[in-house]
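In the two complexes that follow, chain A is the common piece, with chain B as its partner first and chain C second.
Here is the complex of A and B:
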């Protein structure tokens, strides 16, 4: 029997992942992590909600940034989805979503300063790019059947609103809902670069080893995510959105001069800044500048980024297959599933950065903590989605049980969906490698962070554009593979 | 209207309009206060406690409302200063030099008494067997090493300068692995746990952490002290006199130099503030240029 394409592709990726392991630095070098680990464990079981200053404020800010940012992205993304067949729009969207929201935040911090708009745009811009793409795919897949029954001569606009939109609406809604959860995570993480959300306090407390504060902040965050379905009601959205500005108001003033300076000076490569257009020596210097940046930072950064991404992709896949039964009706009863859900909420809502830092204490600096952190985080996200999908499977009354059910019935039947989710997540994993530079892994994100901390925005911009191109390439590859394997291009997220 | 328009109507009413109203609201801002910030060099959870007191003191001395805003990184402090979102900042040597290059007319007006001869400690985990010495500890070559923040003077610039000088190599080549812990307290924690073998740390933070009982001398100890260099200072924007009236800069300088309350000074932590000028930091600029941290 010919081996299925899906299986051989899986083995191909497994092979690439294993090959990358050869180049990855996986050494374990910690000597005595136990003192710190014991403090972490103690902190975890003794959350101290009173220790965090301005806990309530941080919580409200996290919600406000997420909701306003996502709402703005929904509006922009929906508009763009309607003209997504225009090539420029498609490219523009691919570019904005290829840049991690943390990088957007860092750029807006330079341009707009610590204003609410910095946080809102850092979420809204990449999310608009994502919404535009996914919405247009959903609209496209919304069966043409309804449209075909329309009488000849029906206008495009009415065809859209009467035939296409109603059919797609439920999918648009559920995808948007899923994105709100992502928005909350993004909003919390933006605190790491200075916006006053939960991440701001979380990172500080973590850095200082105030683990009771860390666990208080994390618990609060888990509760918000776990109860999302209860408070995120369509009718309440306008209420939330109208309260949000009062929470966010009061930042610094936005100055047009700063914005102009950013574009006309800051991001112009240093050798060209004050040069005449025809100045040959400036262009030569620019050539050297570009070459050095490529050879010393971009290329090694790309290699490290890809090595980490490919290993973490395989790791995420393996963990997904382990995690999804924990929330699946096919394998566990209500009690077990509740525990499974709680576990996955914890693993997927803990920022990768924190997971990686905890593991750093165990294993010392190498690629290992980053690989495990990324695999856990993404494995939990995809595991959650695959688990839900497996609930929908109809089984024969005489289906096998236990391991046989898992291996011979459920896994083969969810495998296509599993691969679709995983390939969909590929590009996301690539983007997430950015924030793990702290571990001494010199991914592209590490060099971008260095350039920003040296206030060399020209270099930062150059490296960010390279990062974006790499993302676009991986996204294109993933799309091609999904098409070849006839996987859903848009994973159904219910 | 048919069914088709309903979701669209809902969408506009529930999401689109409120989103637009929201965003137009938040772009209105507070203005008019005199704002300062400080680089987050150690325990960030105490930043507000440390600096809100200073804001109260300055408000009283200057007669204008003074606010402190916390930032997450050295670069963010410089960006806020440059964008005129803060008008006064407690910078490190390197961040101050960068800020003054970016904001023409800005001036270093005061430094801590101790900042005229600041030093960096090289610290090592006990398992390395490295002992305190007067000369540069060449034995650190080939081990794992962590700096503090990428933008720090005592945690990055000066240690990197001495590493390049004595080991004749860039840190990435000289060590098995190089990390950036983010701040001095964490550098100590990482070397203490053995995650990194050696690290470079601000001597004031080391003394603070030692006093607080966070350091186990059996696990981590100082193996080398750098020669002294100028570090932290208060830097003010050149245009404050036009906004807050003539002589404002001089009044701010006076208020800082006159700070005698030991509780306030402990926020920095410094014994007192003494006058400073831009040229005091020429050595820092030269070092930063020599190791290509500034173009």
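Here is the complex of A and C:
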């Protein structure tokens, strides 16, 4: 029997995922997870909105950091998109977006202290890299047809504004809008490293066992995201951007000495810090330093990160196939679909970091909470997209129903799109997996976080660069697979 | 000095030859129809001609190459982007200028698009789009026009009006056409293509429909 390439690739990934399960630590180490979960559930149904001042502050800061960060990234990203054909720009953007915003936040915290600028840059920098890439692709996709018919000598500026920008504009707008939602999630998560956003309040409420406050925070966060379309109006954006900088809170002052020391001392590998350039013994020590760091931390970190990523990728795929019928017109009536949408909105609006954090409180630090959190979050995102795609299918009038419809008519037709979305998220899942190490799962983020708490920034920097390179490698692999399977290289997100 | 002069030209996509050993001379002022089955190489030949002489040539591609979110007015105005400075073009993009509207109004009226002047091109019917693309070429006033089936989606009577307008605005005309009668009526030279070769090159006068039938045989 000859299988299609798409099917055999899927089985290949499924096999790798199952094989990785053998090496994954899936233990539950808490003594009585059920009791804690019951208390959390009780808190969920009794949200405490009375802690208004704390709630308001948390949400206001989350919004302000997201808006200012994304706005800066839009401006920078658009500028970079125009020169994206320059190789240095492409590489630079690939590098900054390969590093998760939490890692950027950890680095900027060392450089700039707990200031507003730390939070803004942690969002703006990776997002600028993402915008540059996606904007340039959208502008590219607007196609050369209109531009080709322009009379010779029309001029670059006129050609851009007449033949490129207008048709691309609506796509640029909707992608930017989608990124604002991501920015809100990123901003919320920055609280976990000390910035005054949602995550900060969430963590402290959790630690004190105030589950009613946890649920109130989460509930309001969902409301903000669910109503995004209502308040995020193009006309209101300038108003928000004028107000936001005054809202942003930052404790410390920025010290130029700190910044200088960060670059000239802190991140320079320890053996080289006070050495002369030609000092052979320093370079030997540097070799040992690099080797030990690679063998003791980077390598185990990479293995754990990849193991977790592959399991979570398969988990996301399986859950996508379960979730998408919940929002598809092909399978459910309006009532069922509304419930399905509500469920998926909640699951995908919760940042995977927060989801993992919550599950980790129940089950203790193993790969289990991370796998479940990543699979749920990504399954909900891709399930939503595949569900919408399945609504567009033209089926014959006498199509079968139920499971036959699912297996014979719908899944085969959406499968290409499904794989495209899944491979597109692969790199995102990897980046997220690395960062979950901060929670105590021994992926690369774990070693980065330990290095930072030991104030060994040279090691942290080295490991972050390794993480970025791993990300770029997986992104390249994913691109190659998508090209080989002839899947759309950039599926329309939204 | 001929406007176009191809000698034994070859062209293809992805290693598959579409045109082989095509020789074609077109003098100033000629009106030429390229006829032949679909896949005979008409569009490729037009693209080849256009690449030889971009300056001064107006192009009407088969896919009309419109910007869907811009109005008919702006799409037609794009025919003269090269004649204005960038700032002028941007101002006119933000707010159509009186003077430009006055210049484009007669073209729009002649093409029967007066009610659609400020409709986004994406909301037009196929025939309206095609006429908008013709409008852009008319406004450009190149001395040569290269059109790929410029009236294929326009109905009979209007097709004649559109072809009249094209013939008036441009000195040299090269059109790929599948409607043999229109080709005979509006051009003075028929170039027949089959399988990527020129198999016929004769004055229109004296040719009949039947003479062209052989082009459509395999």
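Convention: the second predicted complex is superposed on the first by the 464 of 494 C-alpha atoms of A that agree within 3 Å, B and C clash if a C-alpha of one lies under 4 Å from a C-alpha of the other, contacts with A are read in each partner's own complex, and residues count from 1 in each chain.
Just so we're on the same page, a residue touches a chain if its C-beta (ideal position, glycine included) is under 8 Å from a C-beta of that chain, and two chains touch if they have at least 3 such contacts.
This structure is a prediction, so every number in the text was calculated from the model and none was measured.
Peer 1: So, A:15: does it touch chain B (first), chain C (second), both, or neither?
Peer 2: After superposition on chain A, A:15 lies in contact with neither partner.
Peer 1: Please indicate which partner A:205 is in contact with in the superposed arrangement: first for chain B, second for chain C, both, or neither.
Peer 2: After superposing on A, A:205 lies in contact with chain B but is clear of chain C.
Peer 1: A:155 in the overlay: touching chain B, chain C, both, or neither? Say first, second, both or neither.
Peer 2: It touches chain C, and chain B stays clear.
Peer 1: So in the superposed three-chain picture, is A:71 touching just chain B, just chain C, both, or none of them (first/second/both/neither)?
Peer 2: Touch partner of A:71: chain B, not chain C.
Peer 1: Could you let me know whether more residues of chain A are touched by chain B or by chain C?
Peer 2: B
Peer 1: Touching A:167 in the superposition: chain B (first), chain C (second), both, neither?
Peer 2: second
Peer 1: Can you list the residues of chain A that meet both chain B and chain C?
Peer 2: In chain A, positions 158, 161-163, 166, 169 sit in both the chain B and chain C interfaces.
Peer 1: Which bits of chain B are touching chain A when the two form their complex?
Peer 2: 2-5, 7-8, 10-11, 13-23, 25-31, 43-45, 47-48, 69, 71-76, 78-80, 83-85, 98, 102, 125, 127, 144, 146, 149-151, 177-183, 185-186, 189, 192-196, 214, 216, 219, 293-295
Peer 1: Per the contact definition, I'd like the list of chain C residues that touch chain A in the complex.
Peer 2: 54-61, 63, 65-70, 74, 78-82, 84-86, 89-90, 93, 133, 136, 140, 142
Peer 1: Chain C touches which residues of chain A in the complex?
Peer 2: 145-146, 148-155, 157-159, 161-163, 166-167, 169-170
Peer 1: Which part of chain A faces chain B closely enough to touch in the complex?
Peer 2: Per the stated touch rule, the residues are 25, 29-33, 35-36, 53, 68, 71-72, 74-75, 78, 109-110, 113-117, 120, 158, 161-163, 165-166, 169, 191-194, 200-201, 203-205, 207-210, 213, 234-235, 237-238, 241-242, 244-246, 248-255, 258, 270, 360-361, 364-366, 437-440, 449-450, 452-456.
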